[in-house]
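Following are the structures in question.
The same chain A turns up in both complexes below, where it pairs with chain B and then with chain C.
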Partner chain A sequence: MSTAVSPQRNGGARDRAPEGSWRNLLRLHPDTGVLLSSLAILAVLIIVFSFTSEQFFSTTVLVNILNQMAIYIIAGVGMTLVMTSGGIDISIGSIIGVTATLMGILLIDAGVPALLAVLGALVVGAICGAFNGFLVAVVRVPPIIVTLGTFTLFRGIAYMLGEGRVYMRFAEPLPWLGDGRILAVPVPVYIALLTVIGGQFFLTSTRLGQRITAVGGNEEAARLAGIDVVRTKFLTYVIMGSLAGLTTVVIVARQDAAQAVMGTGIELHVIAAVILGGTSLFGGRGLILGTVLGALILGVLNTGLLLSGVVQFWQLVAIGILLIVVVALRIAREGTEGK
Partner chain B sequence: MAATAIEPRQESAAAATGPVLEANNLRKSFGGIQAVDDVSFTLGQREILGMVGDNGAGKSTLIKIITGAYRKDSGEVSLDGEPVEIESTAHARSLGMETVYQSSGLVEVMDAPANLFLGREKLKEGWLGRYFGMIDKRFMREETSRLLQQLNITVRNLAAPVQTLSGGQQQSVAVGRAAYWKGRIIILDEPANNIGVDQQRAVLELVRQIRDEHGISFIMISHNMEHIFQVADRVIVMRNGRKVGDKPIGETTRNEVVGLITGALA
Partner chain C sequence: MTTAEPDPSAMQAVIDRPSAKRPGFAALWQRWGGDHPNFISLATTALLLVALVIIFTLVNERFVSWRNITIVLNQSASFVILGVGMTFVITTKGIDLSIGAIVALVGTLLGLFIVTWQWPVLPAVLLGLLAGGLCGAFNGICVARFRVPPLIVTLGTMALFRGISFVLLGHQILFDFPDSMLWLARARIFGLSPTIYLAILVTAWGWFFLNKTRTGQAMIAVGGNEEAARLAGIDVARIKFIAYTLMGLLSALATMVWVARMNSVQAAMAYGIEFHAIALVVLGGTSLFGGRGLIMGSLMGAVILGILENGLVIVGLSSFVQQVVLGFIFIAVVAFRTLQFREGQVTR
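And then the complex of A and B:
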């Protein structure tokens, strides 16, 4: 019997969406709702702070927020991938400590060119990530345990390497990466933008990106479909590590200094941004653009409260409440929509 | 790839008559327990073979030997008359054996195209695919749309996660996936479990349709006697690791099969 498909598509309810139309994109894509809700929160915050503070709504302040958030966005792209795979990495701050110290040693003690130091940070970051990835994927220790261990371990290594020194005043062009501007926009913003574009493309349009989503969504089904789960998870942590290295480059360049304590506490902000952005805590759904919005929400909230004269303690309280409320609302909504 | 989602099988004249799959004297034991004890059976071209038996009767072990998940202790498996040594599930798949699992084996949070091509993503032609591993989403979506249409599965929104589909539709997508990937033998492990009655019928109908139109053979494990008698051509009964019955469906009754399962008729 012939199986050629007869072109009887007229009038059918299915498959009516013409390619790329805006309305359909909005209606059809399951992530759109989450992204819009994050965007709405961001818009509301910006409007509110424009009233509560006279200085807030200005190009300078908004560009500043973008600039400040660049490091959270860069690391956040990596964290989005890790959480999409069903894992988590709380060791990124310590990876930043190791790679920052390494950059200081390379630039000041060894006097290598900036480009080589940058490459060194990316490679050593990737090696730290590979260590995490090996323990998670091959030895099968839960990610939270592995990275809690390496959280301490990497920081210890950073202190040993740095011996308490602070490396300062690097030769150009490194500082330019931190405070240079192209068309009035700070260089770190461009670095973050490129990372986001690359991350978005990687996660949604490449084979490995799809497999990361599959492994996080249903590991058993992914394995049965012939996906190499071990390799997929391993590579996710390697990518996270190298993006932590890239984050280091921006931090070191911006401060024009490098020391072992750098990156302390960054993981909490990064994870908060990823979660605010709508990436699932349980894996299988990652929204790179959501992470960008999540980071911007945190930045706007911080700066807005500061400029509105709110005491810093209240800023912390506000961020905590926002995080819990947003996640609670999303879980409630997903619950009513049915599994 | 060609324009049709599932292509009709090209049968060579020689292979058209003999069994697709032949298993002889299979044995497998786990620590002294004979899970599969000297079992032989055949699966014909275009045949839907039901496999029934109590829990622990050896159905799953038998299937896992056939699909490469377990290595057999002794015995022989032939495909189209050629003896084969099946080394892994991937190997079984490359030989044209696809398995549809009870829990459907889909990633529920991903959409239908991603699931159809799970682990076998189609890369874009040219450098974007070769160097960046970019996948051809349009191709995957079009193929999925075509396949679903062919199988009369209505999915309103191809970009929606498959968890928004009904259980029956999910199972149909899983069966369709096995057919799409040129499975010559599709093994269904409780294909209509955990789904509504209407949907059970739809899944069984789909199995029959794929068999009729594409000449694919099925082995269907089921606890449900109704399902077996609805679609199977023949039924084999397992009990305590042995095959205790092997009957064309027209020459047996539900009572007889149940008797064989429980040992009342042994």
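And then the complex of A and C:
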């Protein structure tokens, strides 16, 4: 199956460089090359910020960055899958709004135990994702348009359910998920780590994961190879939805509060993390580990700017510029070499 | 077909085949509609518009009062202008998510120029238009020259332009614009505000540009089939660049209308208007798959959204419920148009 997927990328390998050279190695392993370039961006940022701020280079800051980025990594794993399938989901912030409101209602109004509320968040997230997935896969509306619609729709539903209330002070097991620590490392980091390991295994080693890559690489070829394209795309959005639900659990647990506005604007950071990590914009190449690097790039950027005393608003500017420049460079490179 | 006896009704059906002699009305309609897809789309949009007016009038007869009609038109004016630009962009098979941020940036600049630094209005407005055009040109260069997908470019510039607005203005709200700035929304010419005439002018120009000029026709060609357009000698990059630049310019123009109406600006203004602008274009029948742009449809789409917002308030729904209703309508229309498009693809 993996050979059926990769020739698209490797097929054009014109061996101008001698055997075993760096360029040749990278051409045969394009993913490694992309991951290395993300790593390089990360390294440059870390070096720059360790000059501009004295406190930057410490374990506390490192743990903090990991902890802050946990939610972007969890949602990013789902977004990586969606973008690998050739789609996009800008409704995740609104899905988080719906599931957060629901968790608040379940925990405070209904007094449900934490475990059930967590399950409820995952299930409702999956249902929201299934709605997106149905429209994308079955009705075949372009994903950007579908999720632009549900971006508004889900947020409206969240406000309708929450009516402006803020749910606070949850019973004990839940807040622990947000600020508890195991071996000095915050629990959200472990949740993110497990999601990444699961996502990596799913994408590279399960049949459905490989089908997602195949569908994103060449939908028509995937269909002719006997892959149920509709089902594959549908399930991709369902997984995205439930991971948005998991993201909600971490956000709600960490803030020890739940309200309808939660998750506003998160899609920008999540999509930026995925793209900075090297997942292809056009589908067919998903790099879960790259997404982790992308999230770390964003985290280092945020924390570094903050510690260097730059006004907080510059972060938006920096993310916007970084996103466009990195994508333009990658497209320039792949345009001349990859195809 | 497995029955041994010849079925008389089936025999009759064979004789009455549409292609035989007298094509039935349905067949005629279908063939005519196939040749005039734009007319069909515009007609369905107009029908929706009329239906909404009737429904809201039945609910509350004051809905069709002159006063309420002018309110709806005034509210829709800035979206009509944005809709013309978005029609260009979507016709070239692109999308622009950054228009809310462009409006915020231009609004921020206007606020700084006019309110904080007390500049005269005219140079401030001209500089604002220039800034909007430059924002659009930046999107255009990234899309056309560097070939970054429009979605990613405008997602990036959405953060970038909004970020710059916040850097410039922080959480300040600037208000108290001079009367010459507010004239656009406050004055009355034959009972209507200048913004409405401006919106009509922009629409008329947009229709002429898209349908009667070479550049406009090239936009349709590029959206329909980029490769074919390139082979036909069209400079695809230039056409795309023009579409995004015009979008930026029109966003700046819409900002003028916005500022004149609200009399205040802040960095967080116009958040989420890209959804409205895209929704009205899709409502109007412009193809999401590129190659077909209906300026008049977008005009009706903007009025439909205006009527819905106004009507839902009159009916007494909260803004949250309105958002849900708008979201549902948007998704239903998009799904309908997509199915229509797929059907057309199969039959032709």
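Note that the second predicted complex is superposed on the first by the 309 of 339 C-alpha atoms of A that agree within 3 Å, B and C clash if a C-alpha of one lies under 4 Å from a C-alpha of the other, contacts with A are read in each partner's own complex, and residues count from 1 in each chain.
Heads up, the rule we're going with is that contacts are C-beta pairs under 8 Å (C-beta built on N, C-alpha and C of every residue); 3 or more make two chains touch, one makes a residue touch a chain.
These numbers were taken from a predicted model, which means no experiment stands behind them.
In the superposed pair of complexes, A:155 makes contact with chain C only, with no contact to chain B. In the superposition on chain A, A:218 makes contact with chain B only, not with chain C.
In the superposed model, A:196 makes contact with neither chain B nor chain C. In the superposed model, A:74 makes contact with neither chain B nor chain C.
By the document's definition of touching, of the two partners only chain B reaches A:208; chain C does not. When the shared chain is aligned, chain C comes close enough to touch A:142, but chain B does not. With both structures placed on the common chain, the touch criterion links A:270 to neither chain B nor chain C. In the superposition on chain A, contact is made by A:311 with chain C only, not with chain B.
When the two structures are aligned on the shared chain, A:227 is found in touch with chain B, with no touch to chain C. On the chain B side of its complex with chain A, the touching residues are 3-8, 89-90, 93, 99, 101, 103-111, 114, 118-121, 123, 132-135, 137-138, 145-146, 148-150, 154-161, 163-164, 212-214.
Residues 1-5, 9, 12-15, 17, 19, 28-30, 201, 205-208, 210-211, 213-214, 217-218, 220-222, 224-227, 280, 284-285, 338-339 of chain A touch chain B in their complex. On chain A, the positions that touch chain C within their shared complex are 88, 135, 139-142, 144-146, 148-157, 159-160, 163, 268, 271-272, 275, 281-282, 311, 313-321, 323-324, 327-328, 331-332, 335. Against chain A, the residues of chain C that register as touching in their complex are 95, 142, 146-149, 151-153, 155-164, 166-167, 170, 272, 274-275, 278-279, 282, 288-289, 318, 320-328, 330-331, 334-335, 338-339, 342.
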